[in-house]
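By letter and in written order, the chains are A, B, C and D; residue numbering begins at 1 in each of them.
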Amino acid sequence: MRILIANDDGIDAVGINTLAQALQEQYDILVVAPDRNRSGASNSLTLTRPVQPTKVTDKYYRVDGTPTDCVNLALSGVIDGQVDLVVSGINHGANLGDDVIYSGTVAAAMEARHLGQPALAVSLVGNTYFETAAEVVMKLLDDAKSLTLAPGILLNVNVPDVPYSELKGIKVTRLGYRQRAQEAISAQHPRGLPSFWIGALSEPHDASEGTDFHAVQEGYVSITPIHTDMTCYEAKQPLDAWVRSFDL
Amino acid sequence: MRILIANDDGIDAVGINTLAQALQEQYDILVVAPDRNRSGASNSLTLTRPVQPTKVTDKYYRVDGTPTDCVNLALSGVIDGQVDLVVSGINHGANLGDDVIYSGTVAAAMEARHLGQPALAVSLVGNTYFETAAEVVMKLLDDAKSLTLAPGILLNVNVPDVPYSELKGIKVTRLGYRQRAQEAISAQHPRGLPSFWIGALSEPHDASEGTDFHAVQEGYVSITPIHTDMTCYEAKQPLDAWVRSFDL
Amino acid sequence: MRILIANDDGIDAVGINTLAQALQEQYDILVVAPDRNRSGASNSLTLTRPVQPTKVTDKYYRVDGTPTDCVNLALSGVIDGQVDLVVSGINHGANLGDDVIYSGTVAAAMEARHLGQPALAVSLVGNTYFETAAEVVMKLLDDAKSLTLAPGILLNVNVPDVPYSELKGIKVTRLGYRQRAQEAISAQHPRGLPSFWIGALSEPHDASEGTDFHAVQEGYVSITPIHTDMTCYEAKQPLDAWVRSFDL
Amino acid sequence: MRILIANDDGIDAVGINTLAQALQEQYDILVVAPDRNRSGASNSLTLTRPVQPTKVTDKYYRVDGTPTDCVNLALSGVIDGQVDLVVSGINHGANLGDDVIYSGTVAAAMEARHLGQPALAVSLVGNTYFETAAEVVMKLLDDAKSLTLAPGILLNVNVPDVPYSELKGIKVTRLGYRQRAQEAISAQHPRGLPSFWIGALSEPHDASEGTDFHAVQEGYVSITPIHTDMTCYEAKQPLDAWVRSFDL
């Protein structure tokens, strides 16, 4: 099995290199990742210029583009042949709740799913025990054949930042959500122009039992199934009633 | 009522200016949009540098950032006070099916929803009759009070590119999906380096009745309810069974 | 005569538009300018991606690149035919002394000279009387035929920010120089990362008689001949002596 | 003596690392370089956003900015104290003749000179024998004390791409110049938009004896003194005569 590894922290990040190290012991790997930190890139695609994959070493390519560009190019086959599965990560820091909307790491997995490949996104809830997350991925892949998921679904995995032996287990979760993000912060422009840092993420608002926030707080690996179809089917009926009242 | 207008085609685009023109006749407006074309920006946030809102004319601000940055800043209140509702668009070209994952226009509406404001994204399936789309928005807003949607839901509106009088009506739809995107295309780098344009979108794969693709093909305005919770609840059960087999 | 107009403040700036307005009454013009503010771009060329000239209106093209890219493309003939002379500006603010090293406006003129066309860079020492600078340019061009300069030399023109009738005259000057630039300023990164605004320009250190600083302070238009050959011929002899002592 | 090392090929380039390796055996070094390839950056400064120096390892910092930003920040003292001298390079490829106008490597040395520090720029005329260039730098620095140059002058050193033992010697040179750059090349935009790669450099036009081109072709190290004062003093007299004819 040939596995494509991508991320959003960039090809030099500890997370992706820990993952690649672990996976290459059992699998054929291909690493295609951004040349710099692209956290917060979401599913953005580079459309106004070409992107350039540069071979770093055997099986490692860096791209001057987004995580989504990396996966798109790699699955186009123009870099170095085809792959069977995509793992995105190990992200430095959690991707919980509404984080997934902005995350380039989750987006890379989503692009893979979108292009027909099974995919998972893996994040470490911290910056220390990347080996723990790598071991979790190995475990999941061991058994991957026994899991059948509908097309258009990917797995978002968050791993507590503890030694592997201290993990409590795995929980299947739903996404929680954070409180409204913090306010923008002035960047003290030297010539007095308005200039702001986008506000940081807030604490969770919904971290109740069943959420990904709750699982990792309790010491469990959280796995949330994510779908690429963003239709809200439950809202169709009230909308239908509303629309019928229109006289266009 | 004060309405924030954003988009991803940039503040000079015909679409956003047609929309602003129409809305300002009945509403107090605030336009905050990217300084250039940011199509394909998805929900990306600018995290590595501050962003700068620049006043262009009264009520018009351009930002050197993404559509999501624009809405985030505007709803932070640091630009010019608060707003009650957000309309993103009029996008030049459709945002149908899986387009919504990459669209900066839909992302701007999602950011609004995320920060607690009602929001709709509007796209013209073409580049000619922007007035038609503007009139549809006016119509929807007229009746907005009679519609109650759960928090976390936004409306994705696509309008056929025809005169208003030729619209067939409105349909509430689900997202269809396109075929796998086209392959990356060589950009003919002058020094022979590998360099690729990301492949263009493909034709629809699922454009059956009930989808947004189908509605606009038939001449109807398509309204799809989109949710910001990407959990796939139906997949939780099979995943649960799988996970239980693990001995972590 | 067909004149190419470029700048570094971007195609929407008041300066370039005031200049274009004035020149088109007597000349055939072509405006090719950056799509945004590229102050401080110096002679930088875009080498890692293609650049895109976009037609804005008849005779106006914006480019997603540097001032040097704009002139390079325009003189390549790929945008809209050939030109006979290049005027860069009217820059918002002075380009005096060591400013010329960083200035994109001066660089645009230098690129023109480099590609074989006569060129001048024009800056307003302020932000108000752009018409004054435009009138000065008209005056200089009227008499351009009677001036012969060696290839590789361009003119750097700075105009005091006063009504035309208040100009004292024209002085040919040498470049003065500023004091060491101010220190970098912390940008208050929200997560505490080191992040700095490059320090602003300092006051002049050498603004003695004969310099461009002195001329504009006294109310004169300053014209400095600039060459593209940066060899310091006077330093060759001491260097030669030094090098001869080496035993490579 | 503490030496700042910068370049324009980025902190991962072989050239800068070969240089740092060699210099650290005799000197205290500080490496501050762009996080990616910034060839062609010229003296451009980043003015629209803050730049971020990131510590990579002890004495190594990468900056998300231009070569000039790197030197400006480092000499501001905000990164890691002060330095006594700046060496920029080893550039991958020659910086001969008019190349110096566009070169970020030469610009880094110029910024140093501008901020009051002695500086030299070093380029390898090829991509193989970086050790040769490093040895040349060591040799020059050995004897640096015996060389006194006026402020505002920096040295542009180009080293033939051969083993050290095959160097013919050192020549003090003037800048030659290349022929007009090649035409822009279409980048085959997938949606047919005009999109061009800036044309490549041409062959030398003036590579006669005494020029830097000639020296390296003959197997010599070329050292050209470069000044930061771009006034063309010889052109002042004809200009003066011309200007006197004006009736402003």
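The rule we apply is simple: contacts are C-beta pairs under 8 Å (C-beta built on N, C-alpha and C of every residue); 3 or more make two chains touch, one makes a residue touch a chain.
Computed from a predicted model, the values in this text were never measured in an experiment.
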| item | value |
| --- | --- |
| Path length in steps (a step moves to a chain that is touched) from subunit A to subunit C | 1 |
| Which of B-C and C-D has more C-beta pairs touching across its chains | C-D |
| Turn needed to bring subunit A onto subunit B - CA fit, degrees, nearest 5 | 180 |
| Distance from the mean Cα position of subunit D to that of subunit C, given in whole angstrom | 21 |
| Centre-to-centre distance between subunit D and subunit B (centres being mean Cα positions), rounded to whole Å | 46 |
| Whole-Å gap separating subunit B and subunit C, where each centre is the average of the chain's CA atoms | 40 |
| Per-residue multi-chain contacts in subunit D, two or more chains | 48, 50, 52, 64, 187, 189, 197, 199 |
| Subunit A - residues contacting subunit D, complex | 35-36, 50, 64, 187 |
| In the complex, subunit A residues that touch subunit B | 37, 39-48, 50-54, 66, 68-69, 72-73, 76-79, 98, 100-102, 104, 107, 110, 114-116, 136, 139, 143, 146-150, 152-153, 155, 167, 169-172, 174-175, 177, 180-181, 183-184, 187, 189, 193-199, 221, 223-236, 238-240, 242-243, 245-246, 248 |
| Complex interface listing, subunit A residues touching subunit C | 48-50, 52, 64, 185-191, 197, 199-200 |
